Every structure is written in structure tokens, then in C-alpha cells.
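Before anything else, here's the structure in question.
Each chain carries a letter (A, B, C and D) given by its place in the written order, and its residues are counted from 1.
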Amino acid sequence: MLTEKLMNVETGYFGEFGGRYVPEMLVPIMDALRDAFVRYYQDEEFLAELAHLNETYIGRPTPLYFCQNLTTRLGGARIYLKNEGLCHTGAHKINHCLGQALIAKRMGKKRVIAETGAGQHGLATAAVCAKLGMECVVYMGAKDYERQRPNVFWMERLGATVMEVKEGGQILRDAINAALRDQLTNPTDTHYLLGTVCGPHPYPVMNTYFQSVVGREVKAQIMKQAGKYPDYLVACVGGGSNAMGLFYEFLDDESVKMVGVEAGGEGIEEDSRKCRHAARMQSGYPGVSEGFKSLFLQNDDGQIKDTSSVSAGLDYSGVGPQMVYLRDIGRVRFTYAFDDEVLAAYDLVARSEGVFPALESAHACVEVIKMAPQLSRDEIIVFNCSGRGDKDLFIVAPRLAKDNFAAFLRKKVDELGR
Amino acid sequence: MLTEKLMNVETGYFGEFGGRYVPEMLVPIMDALRDAFVRYYQDEEFLAELAHLNETYIGRPTPLYFCQNLTTRLGGARIYLKNEGLCHTGAHKINHCLGQALIAKRMGKKRVIAETGAGQHGLATAAVCAKLGMECVVYMGAKDYERQRPNVFWMERLGATVMEVKEGGQILRDAINAALRDQLTNPTDTHYLLGTVCGPHPYPVMNTYFQSVVGREVKAQIMKQAGKYPDYLVACVGGGSNAMGLFYEFLDDESVKMVGVEAGGEGIEEDSRKCRHAARMQSGYPGVSEGFKSLFLQNDDGQIKDTSSVSAGLDYSGVGPQMVYLRDIGRVRFTYAFDDEVLAAYDLVARSEGVFPALESAHACVEVIKMAPQLSRDEIIVFNCSGRGDKDLFIVAPRLAKDNFAAFLRKKVDELGR
Amino acid sequence: MKNQQIKIMSHLVAGYPSLAESEKIALAMAGAGVSYIEIQIPFSDPVADGPTIAAANRHALDRGTSVNDCFELMTRLKERVSIPLLFMSYYNILFRHGVDAFCARAAAAGCWGLIVPDIPFDEEPGNGYLAACAKWGLNPILVISPITPPDRLRAIGEMAKGFVYCVSGFGITGQERNVSDETRDYLARVRQHISQPLALGFGISSQDQIVAAAEVADIVVIGSKIINLYNQGSETEGLKNISDFLQIS
Amino acid sequence: MKNQQIKIMSHLVAGYPSLAESEKIALAMAGAGVSYIEIQIPFSDPVADGPTIAAANRHALDRGTSVNDCFELMTRLKERVSIPLLFMSYYNILFRHGVDAFCARAAAAGCWGLIVPDIPFDEEPGNGYLAACAKWGLNPILVISPITPPDRLRAIGEMAKGFVYCVSGFGITGQERNVSDETRDYLARVRQHISQPLALGFGISSQDQIVAAAEVADIVVIGSKIINLYNQGSETEGLKNISDFLQIS
């Protein structure tokens, strides 16, 4: 069964992808983490605490919402939105943050480190660390640090230390590298709280496990609301955690088709150093980096390329190994959405339903908007609205209301100058 | 029974407060609205739709969360936080927005108008109007428009028209006046979606009804989690909607004590035109304005005074008539919190629990922090975290991280300049 | 085309632009032959007024105009003009003062009637406002609108004193309106239930409109137009503008 | 206090600051009497390297240094020096090239051994990397750390060729460490399971440390210190700095 294959806690391989390609120093650390995961995810007391905090802290279950207006407008399949944007801290990321932090605490770890790009994962990590009373250090590329200052501010308010990473391209990849180095320096007291279904074993299975609550809820909710399983599941794919979350519980139901949407950025072009997109499934090659084997956007020499996307959360050159496996066996179809399509979809969903999807999630919307009219009214699409879109103010406002927003910021700057 | 007294749909009076002090032109409109409310809040089909959208759109029930760290730190009563910040659009306001909009739609209204100060109520209104396919116009004082530009942006993205009100002090009161004028100009096709338990009858009872879901959930949740009712309920009080929401279902349980917290602003001082606070229960006088009889901060001539608070949502010179009644009969104790206490509480809750309360809600936190150590470990305080605090970025960041935030904004301005 | 038939009630905001000027404006109105003068006591939250009058309210308050000033203005004017003078304000001004005490002082100052748009006749049990007006011999001018239902028209007809103020269309003061067929029908409908004289107001802004309004109503109310006239030009020009405009009638 | 006993492996990043300079640096090292030279093929994501070496990686890539360039550098150097030359890189460089093809080319270029920190010996079923090394006669230098458990030490001891690279403490390259009692104990523990020579590395930055390290280890690894020495002063000064530092031993 696919669900078993993708929860391969033994080796962490999914087909040829996955694994645990870490310096020897980290091998015992990863093994201990895997063992702890295996122990706790079958431990009643742990599961009870997780369930309790899922409910009372994160706010689960998150709603499954029928997009009536969008459905009518597109005139095809019935569209449902799984609103992970209503999770505490505004995105699905906290599902695996909470789970990992609970394990780390039981393992006696005192300190949690994390990487973050846009800041969503860092924010969720900082929140659960505040809640669980653990020290928290978040690595962030200096460029991201500058452009995501509000999230830096929030993380700091939560008591986290945010480290500006000045190496490399000063973006997410450099933050991951810095976090890995921190883990190498502090292998025993520190838990690296990795933010997606990437990284060395056991992260992909562990995060899949903690995210799978999403699909489990959808199963019950869609049965209640529509009396049948969805025909299609659609999710954006950065590392793959929100997609795995939505897909996992349905993997063994062959009638449920699945689509992953990557960042098409400004176009599927690239040179030997940089992509204008982050569509790993389109032009990535098998590789090993940051601790796991998967597809990476890389050149012929194996150098990882920089990527580009309007959504920071999808702007990453690697992708989760389970995702690649699911593509290879034909279980999940992959496509991509361009930045301008994403902004248009963001707007359409906001106006039609009164919901702002995160720019990441808006990639899924693009595909839903394309698919729905082709399908019949009996068919159901569920897409994962993995986060809420108000986090993207500083990206969206300058594009959609440039002058007003600039005037507002200028005024704020003047006030602060005083 | 108190619950019946406060749901007085007949006259809308609570003791001597409340009523429907509107120009004759609006009398039939308010009567029709009252009749529609009376009809629909007893209509099964309406209630079923409301319940469905409460669940699938707003994301109800919102969690009741045990603040373990805060409880331990304060060393007294057990503290629970009702997290209305996890409602769609980030605050409890959407509870009555959805309810009112559903009624308005059934009444055949095509257009919805609303006032907003900070923008939360406007945002929630714009969202439900997008969802229900109704035209939406939001009035906002020009000063608020300027300082809450991000919310203007969000409302516009949701398809609402945001009207800058340049009359008067250009703040919430002027927006209310402008909305009332609009209603006078368009009495039949337009529903004025009023944002708290103020205004003419039937708004206080109607909004109380739609908000009472909060306390109803708390009842079930606290029984499940703690096996007993709370000893204290604490809520901030702007107009009073989140307080009524939390309190209502417990009003007839005399063992449950209740505290309302107003904005103490910069101090309980005032002159004949302006208050440095918004503590109506401290120095307000009975009056009639904006359609209802209640306490208003006003001078000897009956001129309403301007108010001041770090939190836009509490920065209002009137207060809901039910609140005043509950104070007069001794059912609810009222106190206030100063701006600097509020910021300190905001920080403490964020660091201790990983949750940002809205600045409004942080007023309730101030009181909880004062009360808890005085109480025993057997006692339970539930406070309403009426909204999430990330909406307050532009108020909090300049106070708590001025230089970094200024640098960030300057950079954004430069980027936009290009 | 001077028409001695037309009765006009013209409006001013006490304290706009100053108390002294308000007095001059009132005298100019009386001199131009209006039948009633409506003196608005400025209020901080004038919800039933349009932008022009709302701004005048605010200006008057910013200058410190008090309720007491308004009583004094009334007293001074009453000594110099003989036409009925009314106070218009919002209910909170009366309420805070004490409704009975307010009416007593108004009557003592020589006030003829009160216009308080935000206290519906049936709002307060045994409406203290109407009782106080009766007690002190003031005419409570009740307001109606095109959507006031027949039962309320009847009730108003029974309670009204002096005249009844008909809002001429949906909306607030200061928006231009013509006297349309709808208005004609509206007043005809009102007359079925109300025998008192009818004043028609809200939005009259040209002399033609006055003439047209006078065909259907007994009294024509001129509100924000006065302030607009006053604001055009210097003080003396303003007063002359008002005079000229009102003398048409 | 020249000590002929001390064996040193010194490290450079191919292409930092240029391929031509890398060649000169290697020759200077050989001239100073080191026993092994570790030539790092730059990689975009050098997770096991500290800031100094990571920056050198990036610089080399920014200059366009390719894997092919590194093979050519190896070939050229092998013609001029006789000590063992090793390639150090990350697994993706080998994997993308094809592990077998990579090993073949490395061997052909005269490479003596490979250091690839991110491929644990037991990672891939029937580890193709170790097999390819064996096939092409390369020494796969395995890395261990103070927390490597005994069973893994034993396994490594069975598989290792050439020598075993012991990370001297928790952490990444470039942080100062003394040779502490802990390090002494650590190497003693390792020797219970591993008979191959032991190289001690990661963070050695003074000549005193080299001497101390040489007491417990067979080979002393000098990494980011070399780059720091090179960066102090002009090109020629840099080369001289490296020479001087290494000649102590």
C-alpha cells in the first residue's frame, strides 16, 4: 500500500529517493530522532497530547469550505477549499512544528533551531517553542531577513533569536545550510526542526505523519458535506509538506486523483546558475543535497541553482523525495503556475469567496481554475489553502496598489523619523 | 432571567439604556430589521445555514486554550484563552457580520454598508459580502484610512469600496455618522451592518445573539477540559460585542463572575473636548447618540468627546447599552488598562504562550495578569482573545522595534520608488 | 415675482461662523421676510445633517459655542424679531441638560418650537420630550419621511403642534432635489393623515425650487443653501447673498 | 622545533581565488613538506564547511570553476608533486557526474583518495560509492565523530582505506579548538576499533595545536586556516604565509 511505502520509517527511501545523506556526525542524531519518532507516534499518551494541542492550540480541525461562487463562476467541478490559513500562526506549517517540538522535548532537547525563507515556518516554530518553553534559534538568509522584517519582528517577540545568514545567496538554502551547521556543532542538545518533507530521514516521514491530519479531516468533512470522496486533490508544492498533508490519507484510494503545483515563476527558463522558476519536476535532475536524494534544480556539474518565485515558500531548488516518487509511479500529476497567473488567482479567490490564499496556495488555485471548467458538476476538487494571504502584504500590495501603498509607507517612515 | 432581559427584542431597552433613537426616516427600516431578526433567529433553515457557515467559513468552534505557562508564572488561577483570533479574518467581528449579512440577504438587500475604525470590522464585512455576493461600501475616517492602509488594501481586494470620511475628527465616530447618513439616503436597498452591540435597536440584541456562540462554545469546552464552569470571564470592551459574546451564555450562572476592561489609554484624564482614554464606565455620562441611549464620554453640554487608545478597536466614546445595564445591576465589574500595561501584557502573552493577542484583547490580558495571582489554583479564568495581534504590526513594531522597523520600511519605500 | 404667499423657514447654525455673525444672519433672514428661523444648536455628532451643516457644527464647537450661548442668542434675537424662532438640535443636547430644564430655558428665551430629529415620537415610554414641550408651551416639530407608514403618520398627526416637517426625499440635508411628482404624491398622502401645516425641507437650493415647493407645501425649509450663500464672498457679501436669495419669496 | 614525525594534510578549494593560484598554493604546500593535499571541488551547498571555506566555494563557483577544471588541476599537480592528492567534495558532485565515471576520472587524473562527508558508509544499499572507489583504486576516506557509536566505528574500521578522518570536536571547519583531554580520549576510543591511521581535523589554527594534535593523531588536517593565511596580504605574501605556517612541522 502506498500509505505504507510513504511512511517507510526503516530506511526513509521512497523508490530511489530519500535517505539520510548526512555527515557521519549527524548519523546517530538522525537515528535517535527516527527512533524517537517511531516510539512516540505509536505512543498513546503522546498522541493524546498531540491531539489535544492540535485542537486547542492550532485550532484543528480547520474548516473545509465549499467555494460556491467560484464553482458557479467556473461552471464545472464543485470546488472545496481546506482552510489551513486558519491554523494558529496562519499556515499548515505549525502542524509539523508542534509534532516535532513535542518529540524533541520528550527527547530532552533544550534548544530548537529552524531555517526559514518567508518566515512562516520560523514563526510557527517560534510559537511552539514559546508554548513548550524551549530555546529557539531561527536561521534566515540575510536577504530574506531584510525583506521579511515583519516576520523577524514577530519571531523576536515570541522570544526567538533570529540569525541573519550572510553566506551564499543569503536566502532559504543558505539558511538551511546554516541550520545544518548549527546541528553539526550542537548535535545532542539541539533539535533541528526542519520545515517541510525534505531533509534527511526521518524528516520526510515525520512531517508527513504530522501533516496527514489535514487529509484525515478532509475525508470526514467531505463525506459529511458531499457524501463522497473528492475526485481531485490539488496542492502547491514547495518542499511538499502541505501536499503530503492533503494527499496522504487518500493515497490508497485510486479514484482520488492528485495534482501538485510548483512555482513557474517568471517562466520555465534557466541558465547554468539560476532558474526563473522553481519547477523541479519540470527541469530538475536527481541529486543529493541538504541530506536527501531527490530532484534538484542543478547544472551539469551538480551545482544547485537559485530559483525564483513570487511566493517565498515555493522558492526552493529541492523537493521532497516522496513527491518525486509519487510522480514517478504516476500517482500525482505535476504542473506549475506562473507568477502573474498566481496573482490573478489570488485576486479571484479573494473577490469571489472573501478568502485570501497565501501566494503559495494561490498556485494551487491557478490549477483549480484551469481544471474546474473541464470537469462535470458531479466532480469534486479539494485544494489545500495552505496559508492565509495577509502575510503577503508587502509582496502583493506593491504589485496591486503600488502608489497608495508607497504613500502609506512613506508616511509611516516620516512618523518613525520623528 | 438576565439572558432574556438582554435579548429584549421588543423594545431594545435594557433598564433605561438602549432604544432606537433614529430619525423618523429610519424607524421603519429598524423595525423591519428587528422583525426580520425575530423571524430568522427562530427559523430552522436560517439557523442551519448560519451554523454551517460558522463552521465552514469562519472556522468555528474556535479553540479554548489552556495557558499553562502563564498560569505557572502567575501562580494562581488557571487561565484559559478563547482564541477568536483564529476566526476567518482574524477577529470575533465576523460572527455578527456573517449573521447580519445572511439576514440582509434574506431581506432582499443588495448593498451593505459598514463603518470601521481599525478596519477589522470592515474587513470582516467585506469578506462576508464577497462570500454572499453583495455590494459593500465601508466608511472609514480619513485619519484611520491613512493609518490603516493595509486594511483598506485588503478590503479593496475583496471588492469593497472604502470611503474616506473627511468630516469631523476623521475617525470612527465620523465613519459611523457617514454610514448613518448613507442609510438615511438609501433606506430600502441598503443594510447598515453595524459592528458592535451599539447603535439603535435591534443591533445590540442582534449582535449579541450572533456573538453568543462564543460563550456557548466556551461552556462545552471548559466542561470538557476542566470539568467545571469558569469562575471568571474577562473581556475587553470597545462597543461590547466580544464581551457580550463571551458573557451572554453564562449570565444566568451566578457563580460565574465577569469583568470588562476598557481602554485606559494614557491615563484617566480629559478636558472638555478630548479624553486621554476611552473608559466610558469611569467618566461617561448617560446620553443619546448614534441611535441609542447609553454612557458616552461627553462634556456638560452633551458634546461627545474624542478618545484615545493604543488599540483602535476600543477607541470609541460610546459603549453598548447592555454593558451599562450589566454594570448597573452589579453583574459585570468594569476596569481599565493603560496603553503601556497593554503592550507589556501583549509581550508577556506572546512570549509565554506563543500567541499574539490583538491590542484590544491585550486589555483583557492586563486584567487577567492582575487577577490570577490573587486567586487560588482551583479557580478558572477564561478571557476572550477577541482577535489576533499580527494586525497590529504598524502600531506595535514602531514601539517595540523602532529602528529596525523604520529601516525596513525605508527600504520598501526605496524599492517602490523605482 | 415676489410672492407674499410663500412661507419660508430658514436655517442657521448658532456660532457659525461666530455668534455675532449668527445674529446678523438671523436678522438678515427676518429682514428678507422669512416666516420661521431654525437655529441649530451645534452638536458633535450631527448624523442627520449633510457635510455643509456638519462642518458648520464642528466649526461652531471648535470656536467654543456652548448651549448657554445658544439660549442667549435666542433671547437677544427674540428681542428684535417677532417671527417664530425654533431650536433645532440632537436629542443628547436636551437629554444631558435635562429635557425638562432645557424646554423651560428654551421657552424662557422666547423659543417657539423644537426640531429634534433623533427622538421618534414613540421612543420613550410616555415620551418625556413631548410632555416637556407641552408643559412649557413649545411646539415639538415632528419629522416624517416618504417611507413613514400610515399608522405612524396618523399618530404624528395627533401629536404634532405648530407644523409637521416633511423630509422631501431620501437623504440628508444639502443634496439638490427637484419637486417631483413623487414629492407631490408624498405630500398628498401625508395630508390624508395630518391636518397641520406641512413644511417641506432637505435639499432646496434654488429659487425655482422654492416656488415649486410652495405649490405643494405650506412652508419651505432652506438649510445648507444658506450656509453656501454665506460662504460665497466676504461677510457683508454673504449676508447680502442670503437676503437676496430669500427675498425672491 | 621542526618535527619530521608530523604528517599534515592541508586543504585548498580549487578555484579559490583562481585555478592558477590553487595550483601555486598546492605547490607551496608540497614544498613545505605536507604529507597529503586535500583539493576541494567547490559545491554550491557545502553544509559541512564553515564560513571561510563556504565563501571560498562560492567564490570559486562565481569564477566559473567546473568539475572538469578540478580534474585538470589534479592532473597538472600530479605531474609535479609525488605526495598523495585527495579530492574532497559533496556527494552531489559525484552523483550528478555518475559515481563510477567520477571515480574513474579521478583515478585517471592521479587522485589518491576521496573525502565525501555527506555519504555515510551505510547509506546506499551495497554502497556504490565505496564499490566505485574500490574498483578504481581510490581510498575512500571515511569520517567519524566523537559521537559515532562503537558499532559504526567497527564497521568503518573494516571498510576504511588509507586513513580515517576524525572530526576533532563538535562542529564545522574553522572554529578554534584545543587538543583537549576529551580529544585524547576520543582518539583512544577510536583506536580500539580502527587500525588505520587517524587524521584529526576541523579547526586547527595554530602551530601549537598542530604539535599537540600530532601527539594523538597520525595525520593533522589543516583547513580553513590555510585560506585565512592566504587572505592575509598580497598573493605572494599569502603563499609565503602558508609555506611558513606549514614548515613548522
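The definition used in the following text is that contacts are C-beta pairs under 8 Å (C-beta built on N, C-alpha and C of every residue); 3 or more make two chains touch, one makes a residue touch a chain.
Bear in mind the structure is a predicted one, so any value in this text is a computation, not a measurement.
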item	value
Smallest number of contact steps required from chain A to reach chain C	2
Chain whose average C-alpha position is farthest from chain D's own	C
Whole-Å separation of chain centres (CA-atom averages), chain A against chain B	33
Chain centre separation (chain B, chain D; CA means) in Å	65
Chain centre separation (chain B, chain C; CA means) in Å	36
Shared-contact residues (touching 2 or more other chains) in chain A	none
Two or more partner chains touched - positions in chain C	none
Chain contact topology (line, ring, star, complete or other)	line
Those chain pairs that satisfy the touch definition	A-B, A-D, B-C
Chain C residues touching chain B - in the complex, by the definition given at the top	43-48, 50-51, 54-55, 58, 61, 66-67, 90-97, 117-120, 123-124, 142-145, 147-149, 152, 167, 170-172, 175
Residues of chain B that touch chain C when the two form their complex	19-25, 27-29, 167-168, 173, 176-177, 180-181, 184-188, 285-291, 293, 296, 298, 300-305
Footprint of chain A on chain B - complex, ascending	55-59, 62-66, 69, 83, 86-88, 90, 126-131, 133, 146, 149-150, 152-154, 156-159, 225, 347, 350-356, 390, 393-394, 396-398, 400-402, 404-413, 415-417
